[in-house]
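Labels for the chains are A, B, C, D and E, by order of writing; each one numbers its residues from 1.
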Amino acid sequence: MLDAWLQIFKRDLLIAFRRRSEIIHPLIFFVMVISLFPLAIGDDKVLLQKIAPAIIWVTALLATMLSLDNLFRSDFEDGSLEQMTLLKTPLSLLVTAKITAHWFITGLPLLLITPLLAVLLYVPTEMISMLLLTLLLGTPTLSLIGAVGIALTVGLRQGGVILSLLILPLYIPVLIFATLALQNSAQGFSAEAQLAMMLAILVLAITLSPFAIAAALKVSLN
Amino acid sequence: MLDAWLQIFKRDLLIAFRRRSEIIHPLIFFVMVISLFPLAIGDDKVLLQKIAPAIIWVTALLATMLSLDNLFRSDFEDGSLEQMTLLKTPLSLLVTAKITAHWFITGLPLLLITPLLAVLLYVPTEMISMLLLTLLLGTPTLSLIGAVGIALTVGLRQGGVILSLLILPLYIPVLIFATLALQNSAQGFSAEAQLAMMLAILVLAITLSPFAIAAALKVSLN
Amino acid sequence: MEKQYLFTADLNVKNLACLRNEQVLFSGLNVSLSPENVLFLEGENGSGKTSLLRILCGFRLPDEGDITWGNQSISSVPEYSQNISYVGHKNGIKDELTVEENLNLMRSMATASDIETESVLKQIGLFKQADVLSRQLSAGQKRKLALARLMMTNNSFWILDEPFTSLDKATVVFFESLIKQHIARGGMLILTSHHDIDLSGLSVHHLNLSN
Amino acid sequence: MEKQYLFTADLNVKNLACLRNEQVLFSGLNVSLSPENVLFLEGENGSGKTSLLRILCGFRLPDEGDITWGNQSISSVPEYSQNISYVGHKNGIKDELTVEENLNLMRSMATASDIETESVLKQIGLFKQADVLSRQLSAGQKRKLALARLMMTNNSFWILDEPFTSLDKATVVFFESLIKQHIARGGMLILTSHHDIDLSGLSVHHLNLSN
Amino acid sequence: MNIFGSIKRLYHQFASPPYFYRISGLWLPYIMGLFVLLFAAGLYSGLILAPIDYEQGEAYRIIYVHVPAAWMSMFIYIVMAITGAIGLIWRLKLAEIVMISSAPIGASFTFLALVTGSIWGKPMWNTWWVWDARLTSELLLLFLYFGVMALYNAIEDKRTAARAVAILALVGVVNIPIIHYSVEWWNTLHQGPTITKFDKPSIHLSMLVPLLIMAVAFKLFYIGSLFMRVRTELLAREQKSKWVTQLLETKSN
């Protein structure tokens, strides 16, 4: 059982490394989109500093959503998904392997590059750790929730099409708590309540979404 | 020749209307992403007003880029692209039909909804027409340039070609001129120079990119 | 002589119906299949063969009727679907993995057979391509790889949808003999094919879905 | 009796070579084909049949050698590729269009044939499905629709890669007779197939790519 | 015979399409009639009998549409989630149809709550729209409804579509507590809980009574329009079944 989990995990990492661009793409997207803002706004230090957490978070959210697009698509199209439902290991467990691999490939690099981008956007250094903390708690949730949307639309040729309509509303609570935490800590208040909330959402997502995803995938196979 | 152009144009519009969501999606994406910012930033009227043009432009740019994703993908995968190269009408002409259809389906709705979003972001009414003008001149360019990138990646899916790395740098000039025009007109200066520049870029894109796109697509068939 | 399969039972389909887009594809279908038997589905294009196979795999819920495996409803026997080797219209191989990696993946996910990967590669004639990415295979080579799934696991119930598309004649002969071995070991097989398949010596039931 | 094709010429392939991944698939290949003739490509899986066909269509450049159409290099005769009807491993139909819309699209993009869409639908047995989205067709129905391309235009050079995959027997017979008509009208055909095709009465040249 | 068995039988009977079709047809006129009565009474007592608010003047009277509509927007989503779960687990066609028929009605109420809210917001906050948590989460609810409808339309096979939508509705139901508690979790412009604090409602009885009448009227309207939608959907889906053909025969005679 755990063996199958590991196999899928390894398989997805291997494929991602084969394609390479799969790993770099969300990262590039993240860096590029964030740097579009100073270009569009002009180099106004005070302004940028004020909106930096918002920009970083919104972009992280978009990067996660977009990188998810291919999470089940290729498995669906080449028939691997059918095969996966015929295995001993329950599908709900296998999808967690895929999502974990996905987070390592996309979420983690985002976290690692964030300090650099934060500095470029004049975020004060003492806020960077809080920024990272919110991202650490938030991006796995985004991956898990996003995967549900992806699973629901995978059978539709135009898959990505209604995706943002399905996913973005579900992302907003995470976004709100994260940016509130950042605002609070910027003003010297405690952000514990928000962080606790984010953790609760993450736990909820980890326990429930695998089942929703597996159910959605099975529906897609119809 | 023109007949084939019209047929492809009609076909793409028809498919888009069939899927319906294809039309609504960039729009929904546009609306949702723009409304993420006030949520993340907090309801600070002055701040929002300042960054509104940047937000709207960056989001329009992303919406265009993302909506392009499927422009040639499905034609490539189902073999329609092979068939299109066997036609009398040159491929470079046929792709303009596809891009025109694409702009009508995605660019135009963005333009139409922008006034509403601008009001929600507290953009002063006298600036809205300038915003629309820049979008009108800019979004077709974005579609044309984006299509080149998409054409390059469609065949080399595996080859580590990274869409946003290819496209976003090419988008930056458009973005800069557009936001400069907006800044100028907000401060009461003339924005003619920037608008002229945007028009020039558009004309250049219309004349050259079809050939680049056709060449890239043919390479992808290898 | 190969070992007999341990996990087998009778399959019974009662009063099965399948709708697509509010159109009845088939209804009141009754079939049963015992170990060492082959069910050959026939019928013109669009008569519902693929749909039936997918229902048997559990991918699709029947609109009416019951399917039992050893007298228990298949939805209550998880081992039922784990015991299926399905090769459908889609190959179910990963383009980005090499031929060998694909084979090993197939094996590692289920009750593995004893046969060595190397020997499989040789038998299906992809030994030279072991390290080639599956994306770079020709249509027939991909299909071979998909069918190799049958050799990697110890499943006693094979469901094959048009298995021999794009295969050259030598490969077809090889897989025909594989099917015969499978049946001899007490296996079961349901398949469709528009081309003639040599199943001589086996007990084959035909079911025609055209009406 | 149908009208003869107007645009035809001899096809000559000289000293052709094709490499894939630094591996020589074939080299020094010489073939020629005249109107009213069929070239039947044979060879085991992965021997390069599809690659050769795609080179002839102009999708891929040969690594060596020349291809001429009536003594002119095919790259200098744009009419050459416009005169090809190609049905490859991919169907080239749009999933989101209905069957009828797909047919009309095929027709409108090239020199149309005289035959009515309705009559084509009836002949290939998709008349009832005329308004069904192609995505909802079965594998064989999709293939029929792809092959219907041959009837919609007036092209004299047909290139068919494994045309009869997934087709039921009745449909195969229909398309065999269509091929015979095509040749009788002065057409040319290159095809591959791992299954036997009844081309009796035609002048068929065989070319085997296995080595 | 045990009580559990008879509940189950009752439930199966009610959930059978022909039975539901007949019963709902009988009830429908009464439901709609009662709705009209209550709606008129609610409007009369709310717009004419209830006193003027000492702070807000006449503008507050929009509360009689705004609050019931906002409540319905959340209530209907919960109904969708519950019927969705039932449909998923017991594969009851009727539950699926109730779920999907609720979506457009719920979306309309959400839209109504948004519009009346922002009409009310103009005199109160001097702006049509603010980006505060409650307003935004209500907007999200509208998007969730749209998502449900879009997904349902995107999948041709309607039973498959219903199952997919049910999963989405269940996942999206987390938004409901967020809307409800948003005013407590974030300090916002929007009115805090005034009515739903049942122990000590901070609203005068003469204002509360019309509000409750309106709330009941809106529920009846929902049930009535739901019945109508479900009935047409049932007919469309079961076109070829025996009871529909019989029905059509008796109608045409």
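The rule is short, and it goes like this: a residue touches a chain if its C-beta (ideal position, glycine included) is under 8 Å from a C-beta of that chain, and two chains touch if they have at least 3 such contacts.
These numbers come from a predicted model, not from an experiment.
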Those chains which touch chain C and also touch chain B: A, D, E
Same vs different contact residues, chain C with chain D, by half of numbers used: same
Pair exhibiting more inter-chain C-beta contacts, B-D or B-E: B-D
Rounded Å distance between chain A and chain D, as computed from the means of their C-alpha atoms: 46
Euclidean distance of C-alpha centroids - chain D vs chain E, Å: 58
Centre-of-Cα separation between chain E and chain B, whole angstrom: 38
Where chain A and chain C are represented by their mean Cα positions, the distance between them in whole Å: 37
Interface hub residues of chain D, defined as touching at least two other chains: 89, 95-96, 133, 136
Where chain A touches two or more other chains at once, by residue number: 18-19, 157-158, 161-162, 165, 168-169, 172, 176, 222
Multi-partner residues of chain E (at least 2 other chains): 136, 143, 146, 150, 154, 156-157
Chain E-touching residues of chain A, taken from the complex the two chains share: 145, 148, 152-153, 155-156, 158, 161-162, 165-166, 168-170, 172-173, 176, 180, 204, 209, 212, 215-216, 219-220, 222
Parts of chain D lying in touch with chain C, wherever the complex brings them together: 20-21, 43-46, 50, 89, 125, 129, 132, 136-141, 143-144, 162, 165-172, 194-195
Interfacial residue positions of chain C with respect to chain E in the complex: 20-22, 61
Residues on chain C engaged by chain A in the complex (per definition of touch): 54, 57-60, 81-82, 84-86, 88-97, 101, 105-106, 108-110, 133, 149
Touch list for chain B against partner chain A, complex: 19, 21-22, 24-25, 28-29, 32-33, 36-37, 39-42, 47, 50-51, 53-54, 57-58, 61-62, 66, 69-70, 74, 158-165, 168-169, 172, 175-176, 179, 183
